[in-house]
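Here subunit A shows up in two complexes: once beside subunit B, once beside subunit C.
Right, the complex of A and B next:
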């Protein structure tokens, strides 16, 4: 009897607690993203349906993801967090988590279980798998950094470039290249084309000689490289015919090719996968946190992640979302089997350690 | 004073003392000969008071502005500059380790001994609970590559050492799992009573923890870690120690105590349990802290890691400033960086050089325009003025991007040159993403800041002077050189200071059109603020830049004279 009473009381308390939690949700949210087509895909796939279910909620976008790390630290020091949910790349998420600026989350608890085509439920940690690279990180999409080239500038008689080392082949493919003005990706590609085996790249790069080797390889094309810093640079340089080939995010190339009809082709060889996802800032008041958790649960479920692929050519981070991606979009996905014959996995832990060191070397090499 | 008045014969004619003497005659002087105001107070005093009131009133009038400037300008800058030396994070996060490390000598070439590792275990365990260890890891990773992942990984496994003891204690007797047993062992009866009465729903603060008498001497290590534990769950989690199993660190402490102390005479609560454990610990499987840390990551045996910790343990460090001048603070002391890592010296020099080039090209281009503006009839001058100001009304980004369109290899200028046949199609000029591009774009953007002060000075130069010079036989050149130009120099001075100081801190334009050879020091500062999060280094670079500008300003004042600078007539 006593047991039943206790149970009843607990149930009542839990129910009451649930009801209280439901009431204590803020009615506005500030989401932070990258702007442009990517943010639009999030708006269409996540926010619009969420607002249909919750008409009282208002959502504000802030296009500050590229400076999110610095801004969040400043907000944290000022003790005034104005953002509710922030879209960042994986390496930034790791740094934010390390600095205690992002909230650690229990993925199985806060995310919706994945749903396979046969209707089975999958634990979120299994569904996202290795893509959960940090305890603070809720991945959304997989994108890749890869090369685009001008189809009309391929010399007569030459095959279009289909090997990462074609970037170094100035004889067959004359013309300028566009590379990002930072060591990440460039150093790996250089080593790959200097004969280093794929699974040894980071071991080699960890040594001083390996770093010099990579820079020496980059030296071969240094005079022909335009170094970009914004994602929009390479598409622009390609469209203007300034460069023959250049690295950028695959979604940017997709819009140059499909939407702007430029004579540009994709070279998927040795594309480097990276992630984009949400972090929740540390220190949100309870009502705002409840609202964010409610939104994240909805916006990262199997269907919503698959929906996003309708608007942009980035692969959903959940395994269970992959079959739901529309057929005509699949061929543009970095994860499509035809495109991912030779991919390169970006080592976050390595770069978290070596970033400062190698960057100093790289910048000093650039400035010479 | 009376002496002076007593002997007036020495000075002929009126003296400053005369009015005093006259006033004395008027009875407005007190016994010491001081002049009095109308109300009887000494005149000097009353004058000083009225002056003070006036000053105070003036201060009150400017107070809002002063406060505003202090709060929004001086304070943030001072705070930012302070970050360039501030380094409390190491001693805050690892206080005991820093202390224990004082006995260790880097020159020995070996990792420190057991006591330092014990201290590290203690500090790191607490830091990992507070999730502060990764932050320290990224701070120290700026100095020695690899510390970031070392701390992250160790923070993840630091529980394991205690867990081994925890399991063995619990295997011995399941009572060690009970939160209440621990609370009764460590807490005083009075606290236990208060804690039991505490109701979570009431929202009352948790009662202050009180140690059981004698337990601190009986089990010193256990006590210390248990106090850390209680303090942490009380303040961070608002949890009662009656509901929480102690951290694994507490079990390690208990093991150490039982090995070192004698508990046979103890008769408090759970005495039997304690004595049973005391008998058993000798057979426990053990691992020293040092062995444990080395098994987590063998880098803990590397003296360089410890040397870095030691070198950066003081609360204030010169490390950031050394980094900013291409040096580094290593365990061996300050030294130059490897040649292939030096960049800031080059960037500072380049920033100076290019800012000077930009300033001079602004003078060259701006002077004739300002001259025209000042000498044309009103109507045409106004039109010209609008053209000068037009760029101000366009976004900086648009103007910079427009230069890209103009200067790139497939751009307007190259296309025209190729069309005219001046350059071959294969040899198009490289005019952007290098120094040339930065200089052109920045000269264009900063030109109005040169023209406006020049114009306002030139428009006050009376044309009659030049006419007079000519009527006295000077040629056009001489009249300009000897009469007009000297009068326009203050305008050049003002414009140069404006343009140079703006140029030296410029960031957006070099970022977009600078490529690799046209970037400034401010681009690196921006990188450290927003990407690498190394704010200390960014602050040090900023401080040096500020100092350089102030020194240049001082030198300018000595050479040209700041009085010769005019922003207007």
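Right, the complex of A and C next:
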């Protein structure tokens, strides 16, 4: 660890000083991401410009972020790390960091300083702020899990749904719902609609009775729910008109509405924020580590994070990137003031502690 | 019923009650679908049964065989117009097809034509079983083939979803496009995956065929010690669950530096293919006359010449079909390659697998359609080659 720290320090120093010493850098990288529109936005905003500057480098994508934790464990066991940079959600980053599978980084050293519109420099730790949820985590974007609904299936005379509890209102809004096949988010939404105050949700959910209360609330709509497991499921179900409304990541809904031109509307109420970002696997050989650090420094600077918003409606993780986001994209961002009137803060620590128990309970409830 | 069929049993007019009953049952069956689509299944059953029974009575009691042709056209026109009114252009086609079927069915049942090709002494039960057996086989066939057939039109979808759009159902050219095929040929990821598959599968097949054939010939010698055990070990990749082999190979290949290399994936796929070759070649060797090799040796040929000139041509069908299985195993394989390969060795099935999970894009359907086409072409070619070689060598009279 000490060795890596020293190495990091020297890397940062040489880069910061602009005096690039003779450094071994690997000429290929394997980046791991989620595929689809999101990976494409990373390709366009980070990789294409990076390859223009470094034409002899080749980049390969592996669409395996979904099972990143398991794969990194296996790679570690086999002593054969084939990935160079891995895109994961915050909770996975925390787990990987705890298990020593991800490399701890000093954000101020390895990342470029933020640049405000007036040209001032901001320390990366201040620029990313609270979003650095783990010492291993280099956040890229803020996304949210929220609902989309078929605008043409809203009953005559009814308002379009604009309240999370409309998901439970089968009388006003008949039709099937798509919910994710896991307790996270669903349990919180259920409690919110069962009269639990927002700041008490996790206290209630920590008790047996609270969990039963959430499941009882979900029971009310269970017969009308199609359970999804991949982010692409809900867009497909909405496009088919198979469901009236369904939860998914806001970028997927953006693509359904703006790019595929489907009659779908967004319901932002009680959207749940989450993060996506990079981790560097522990134990990379020196030449590959140097290449990755060089890439990460470039790919997470103020301009690059703002550029990504040209391709997908996820909010950049740096404060300094926000003003650079294109005007027409701002209205689709989960962080836009009009959209974030009522948001729900996802509690990583709660789920890290309770996930296994509640997962088991949820799955057995599903099977009933 | 084509006229060339041999008539074994004379036709006759069946009792009207029987004809009308059977035809009404068929009408009710189809009426159920139309009725359900229109909102009431029961009304559909009743209407379908009544309408077709009335048509059957009309045909049998008044028109007879003399006006069969005009009756059938009339029925087709009737249902086509009804379909057009209910469902537009697609309804017209479906209605026409149904009209054609029911017109034929009325005369087939009513004139007892279903017994024409059967011996006259069969009982009613035997005749019923004769046709239910065929219907059952057809139903199983439909069950197996429908998912593949549904994929094909969907791959020409103009939308980015797995959905039959209203434009598609109305046969509007606007609803169809080749964009997903274009996407397949334009996307560097798909092209890389295609290239990887086309590198890995043939080499793995070649290795599997070579080693598998040699193993099968060796193991067919009676004097090899521990034949059964060796055979069991060689066949084991087929029996052990794939995920176990994959995990084992992953850790083993990682140690020796083969994980994430083309060689590693090729060797792993060859190991999967070898059992298929061994089994098919062993099966053909059972019918192989050993005195031929002795005769060849007697004439002065060494074992290698004997193998290529005498043994190989005779077991070739087994070798080819084993090789075909080995090729398809490698070409379709996703579990092993996910473990043993790394992102550089992404094959088509890998790309399809991740594509399905992360983004449901019809490009996958376009690729699936192309692959089905390739498979059909491959199997047809091999079958034609096999027949040709059999004909040349006079092994079959065809």
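Note that in this section the second predicted complex is superposed on the first by the 346 of 368 C-alpha atoms of A that agree within 3 Å, B and C clash if a C-alpha of one lies under 4 Å from a C-alpha of the other, contacts with A are read in each partner's own complex, and residues count from 1 in each chain.
By definition in this document, a residue touches a chain if its C-beta (ideal position, glycine included) is under 8 Å from a C-beta of that chain, and two chains touch if they have at least 3 such contacts.
Just so we're clear, the structure is a prediction, and the values are computed from it rather than from any experiment.
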Check your understanding: If subunit A is used to align the two complexes, do subunit B and subunit C fit next to each other or clash?
Key -> clash
Check your understanding: Counting only touches as set out at the top, which of subunit B and subunit C does A:97 meet: first, second, both, neither?
Key -> first
Review point. Who does A:60 touch here: subunit B (first), subunit C (second), both, or neither?
Key: second
Check your understanding: Once the shared chain is lined up, is A:227 touching subunit B (first), subunit C (second), both, or neither of them?
Key -> first
Practice item. May I ask you to name which of subunit B and subunit C touches more residues of subunit A? Key: B
Exercise for review: Considering only the touch criterion stated at the top, classify A:181 as touching first (subunit B), second (subunit C), both, or neither.
Suggested key: first
Check your understanding: Thinking of the overlay built on chain A, is A:69 touched by subunit B (first), by subunit C (second), by both, or by neither?
Key -> first
Review point. Should A:120 be classified as contacting the first partner (subunit B), the second (subunit C), both, or neither?
Key: neither
Review point. Which of the two partners, first being subunit B and second being subunit C, lies in contact with A:78: first, second, both, or neither?
Key: second
Practice item. May I ask you to decide whether A:360 touches subunit B, subunit C, both, or neither, giving the answer as first, second, both or neither? Key: first
Check your understanding: Is A:30 contacted by the first partner subunit B, the second partner subunit C, both or neither?
Key -> second
Check your understanding: If both complexes are laid over each other on chain A, which piece of subunit B (98-106, 422-430, 458-466 or 494-502) hits subunit C?
Key -> 422-430
Revision key, fill the gap. Residue overlap on subunit A between the subunit B interface and the subunit C interface 66, 240
Exercise for review: Could you pull out which subunit B residues touch subunit A in their complex?
Suggested key: 131-132, 134-135, 137-138, 141-142, 145-149, 152, 337, 340-343, 346-347, 350, 408-411, 433, 511, 515-517, 519, 524, 529-535
Check your understanding: For subunit A, which residues are in contact with subunit B within the complex?
Key -> 66-67, 69-70, 73, 95, 97-100, 104, 176, 181, 212, 226-227, 229, 240-242, 349, 352-357, 359-361, 363-367
Review point. Residues of subunit C touching subunit A in their complex?
Key: 159-163, 189, 250-251, 254-255, 259-260, 342-344, 346, 354-360
Practice item. Show which residues of subunit A lie in contact with subunit C when the two form their complex. Key: 30, 34-37, 60-64, 66, 74-75, 77-80, 82, 230-233, 235-236, 239-240, 259-260
